[in-house]
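Two complexes, one shared chain (chain A), two partners (chain B, chain C).
Presenting the complex of A and B:
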């Protein structure tokens, strides 16, 4: 009844993919200044020491929030990559609310409002892409990618212009009283994951989304509404990414500057969604894994390894898993 | 004239057990035009694909020019002088004609310099009596021009055997005459030509000999001058002995006489996928508890008609009235809610959603019309109950409601899809080739399900299978080239229907 079940072949495929990906990563790393030994040490540290676990949980939520919404969008065949821009927009409006709006809300009010506001502005951004796709037949990949750049430059402009404080291009920081700990952030991501899972498995809309994603012609023939399906997944995926952006700002980013913008949490969400077979519940462990690799990368940076290495490792793992899954006979 | 190609006992079985060629033996002589005539699904294309190395026969052999010929691939056949022009010649749209020709020659292992090619093309085109602009892009060519370029390629490759699959499908009549002259010229130079067609007149017009195929077999070979249209039509469609299914007759006798119209199609014009006008002023009526058949060879506008009625294709002109309401401009969703049951010709990907389970495939289609299985949320417990009832209607054991529909056999998919649609208690059933590719038993069940259900509703069945329509219909419209060529009431005059079908 639920398309969200795990079959053993798939588990084998994913495991193989992870092993292959990590092996390739170690080989890649061993020709770097850190050397094989350096990588191995960092690996052990990341997964055994409690300190990096806190970092991992902190970085997890924007990735997970973006990814859970994307699972729904991808099941409808709506291949947006707009989560990057939506996260950033969510972060911008959150910073505006707590530092630049002049409202001076108390934290109990400001935190939930900024999370919702981040979600709604992200949804609005998603809606633009959805409308372009539905009414103007514009490819959603291109439209969402371009919008990511628009938001990036808006953020850079704010940081170096109107919101600048001091001599450097950086904005004010989120006040201490508004900052969030990792547990609250993870909790929000878990709630969103369960909501998306519920939508996909229990609601009529979820069923329509799956039918349309598998065979648009079937959906259209039997009276499901393709426009409504695409617009709702565009809104939903924008919403969860926007929430992720608010969490990012309140949780660890705290300010905007052209230097410190997201290292691609939105794009990681895209990878995590595919890695999880577009299953919102599998997204949670998968984003934990991605986040841990990110922390691993930060520790390796100390040994002289560029951050690009981390991104390469993530890509290698996702590709290996997707290939392994294909070879084991299932796409998702 | 001596034999150039000899086909001996070729048998082709497609996956799913469909026998496309059944012990076909045929000789093709040097320097002749042989027409391969038959209705859709008679096995003509499969036979020439065997010769072109695209399909491997499960038994039988080919002898080409006295030597045993077993093409391992299309390229292999090309190198042995066999050239096939498919029904829709495929070109690389982004290349120029010159580049495309060069590519084909290289594929066949013919190295030729660009300058030589230009010289040769101009020489050949002059001989065939047409001009070709080598530097125009392939996408700009009409179908007729593409056919001509294909002929050029065949000549450049020195092909001894040329096979054309329904070359006139997208051709104007003056283009056909041009083609005929060219083919005659080629035959007189000693080349053998196989001309595949379903149009009787075309075959008579062009061929030295005509081989008629029906249901995978060659049922007769005639000299062009010794045969006439009537004989060929008889061989194409077989001698019909009238309706066969006795069980169905009892269903029919229970039916009440036709009541008020459920579906009215008024002067409908519809454009096809290439912008051509595919349906030209069709008018038809389906009354309550009536079964109306639409006969015709495939590609004569039936698919466009079907898509227009269910709302997937916007008509250019005309009205569609469903149960008294003009639905011409209404969405497919509205028509479904008004009580339309839709049985499209493709199961997976049009009737059923691949990758989803049996119960999901039942639920999504019933949700808009059956509020008991859910509103905003799906009541999966009730949905499973309904799915069980639907599965029970199919008369087969479907292993699990949670199994993906992909795992069902073609016959079981069809049973499931038909049962689901009829479970809706529709006002109108619209079906396209509902028994296409099914085994006898499943075909019978599907037919009797539709007939039984149409007692309390109405049915429009568009089918390529004339015998099936003769068996179940109260009235038959015959479509050819997008036009209704005739309306036939019971008792049916089979000869007249076949003649109308052949255009």
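Presenting the complex of A and C:
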């Protein structure tokens, strides 16, 4: 699962998995009011029309930012799913900085600061999970999931209480001058992807991460510090997700309102990371693909397709690819 | 409300967490962890409401709900036990798929159906299960050869295989049972707690609280049921806790999640000093 090599069997497996996954997606979608025809038309529209490509690029960056950090964490065997909460927290602090802090910063200062602030608060949230795992042996999957729900309800609390404006439970909107276009957002995601790739392939920490992830005992025997490794990947994955959250707020979310379920970009990041076999560079096309599915799902919301369909389809695709990859070694 | 009222309410609200946690306990006792509990609960809630709304009775809905959970857990059995895919990845995939499929089922329009009223025969049976099941499972796990086989597989898979124990069969059974129980739990949430309605995000992460309860109860049937009950007690006393601490009511929903993280930390510290308490090794 952690290998970087590409061979023909893998390619066949991935292709078959994608075909199987998309077929299942069409079948599943056909039970909704949008119907088989609606999903098929929308699928063609998403890839042939220029308009949806802009949406795809806009929604891509939080998914990609979360996923690139997760690839590093997963290679170290730190299975966090906290990216969902970290993205939301990054978005919350960004909204605070530009609208509620009262600082009235110049956009050229506010945008980089909010991206860094989002990253640092995300990293802090990641660090909590890392500390619980390293010093208290608490399972990081459960701890990070619980924190996702905590951040979700904190966000709902802010939107319905302290930050509420007007008669509806919604916060102030990010000012026009602070908003980001898709190209800047994609640029940040690409930079993060290359940094993570560089870290994994060209640095001693990257080597330590890979060794520890594959064989923790061997790593300890050779004098690597497992606590430092886990804490650093917890910080890093939290940082990239937090940056994704800042981009989400400045790029397209713009405000907060109460939600019954999280927006899902962090969970999509988890899926993307698995789909790309934890390779930070493969994450970029994979996030583009998942973002296009999200655009497809959103375009059909008015026709009655629930937005939960998007995550279900993405999860089904990842599972199909995993099954196809596993069977490709056996059957052909 | 006085304390006794809270205790009784917590039992009624705790049924889904207790059932799902007991099912997951069996899975983890056999050496696997199915993180898909929340998704199985949501999917079964949607399916059970749809079936009940079509048939006009909650009983077929309850059965369909159990089978819906079983169906999702079968994906887990095939991919994890059969194809040896990563159990964590598959579990999370099932969790996400279940939530999405649930919304998809509800989008067909069958979102409201008959409900199971408090104190009805069916409701009493379901509540009684939370008391009977822990004891029954305790007897099965600790006093029958099947239980010994199950626990042996959870402690050391390779030795169990060497000794000729039916590792894959036992795991298929526990995973299916876990799916069935998560399914009934989800159906209960829709039929009893939310008056026969399904809505997006119905489980509110209770499946994850159930998985947390398994560790808090230290994989013992009675302990798991008590831990799940304690979590439920925390959920029903949230408003009281908030007003005592002077917190605004909108921040209250975070309490069970923070409490479970703290409790997991405490359990981990306490049990680390006692090498005699060896948990199975699923996570």
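Quick note on the criterion: the second predicted complex is superposed on the first by the 317 of 332 C-alpha atoms of A that agree within 3 Å, B and C clash if a C-alpha of one lies under 4 Å from a C-alpha of the other, contacts with A are read in each partner's own complex, and residues count from 1 in each chain.
The rule is short, and it goes like this: contacts are C-beta pairs under 8 Å (C-beta built on N, C-alpha and C of every residue); 3 or more make two chains touch, one makes a residue touch a chain.
Just so we're clear, the structure is a prediction, and the values are computed from it rather than from any experiment.
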{"item": "Fit or clash - chain C, chain B, common chain A", "value": "clash"}
{"item": "Partner chain in contact with A:274 - chain B first, chain C second, else both or neither", "value": "second"}
{"item": "Contacts of A:153 with chain B and chain C, given as first, second, both or neither", "value": "second"}
{"item": "Most chain A residues touched (candidates chain B, chain C)", "value": "C"}
{"item": "Touched partner set for A:138, first chain B, second chain C, both or neither", "value": "second"}
{"item": "Touching partner for A:305 - first (chain B), second (chain C), both, neither", "value": "second"}
{"item": "Partner chain(s) touched by A:217 [first = chain B, second = chain C, both, neither]", "value": "first"}
{"item": "Touched partner set for A:315, first chain B, second chain C, both or neither", "value": "second"}
{"item": "Partner chain in contact with A:81 - chain B first, chain C second, else both or neither", "value": "second"}
{"item": "Chain B versus chain C as contact partner of A:15, first or second or both or neither", "value": "neither"}
{"item": "Touching partner for A:101 - first (chain B), second (chain C), both, neither", "value": "neither"}
{"item": "When the two complexes are fitted on chain A, the stretch of chain B hitting chain C, from 7-15, 25-33, 79-87 or 97-105", "value": "97-105"}
{"item": "Residues of chain A at both interfaces, chain B in one complex, chain C in the other", "value": "1"}
{"item": "Footprint of chain B on chain A - complex, ascending", "value": "1, 3, 202-208, 210-211, 214-215, 217-225"}
{"item": "Contacting residues of chain C [partner chain A, same complex]", "value": "35, 75, 79, 83-86, 88-90, 92-94, 96-109, 199-201, 204-205, 208, 211-212, 215, 248, 250-251, 253-254, 257-258, 260-261, 264-265, 268-269, 272, 283"}
{"item": "Residues of chain B that touch chain A when the two form their complex", "value": "310, 312, 331-337, 342, 344, 349-357, 359-360, 363-365, 367-368, 374-378, 380, 384, 401-402"}
{"item": "Residue numbers on chain A that touch chain C, as the complex places them", "value": "1, 28-29, 31-33, 79, 81, 132, 136-139, 141-143, 145-147, 149-150, 153-154, 156-157, 160-161, 260-261, 267, 270-271, 274, 304-316, 318-319, 322-323, 326-327"}
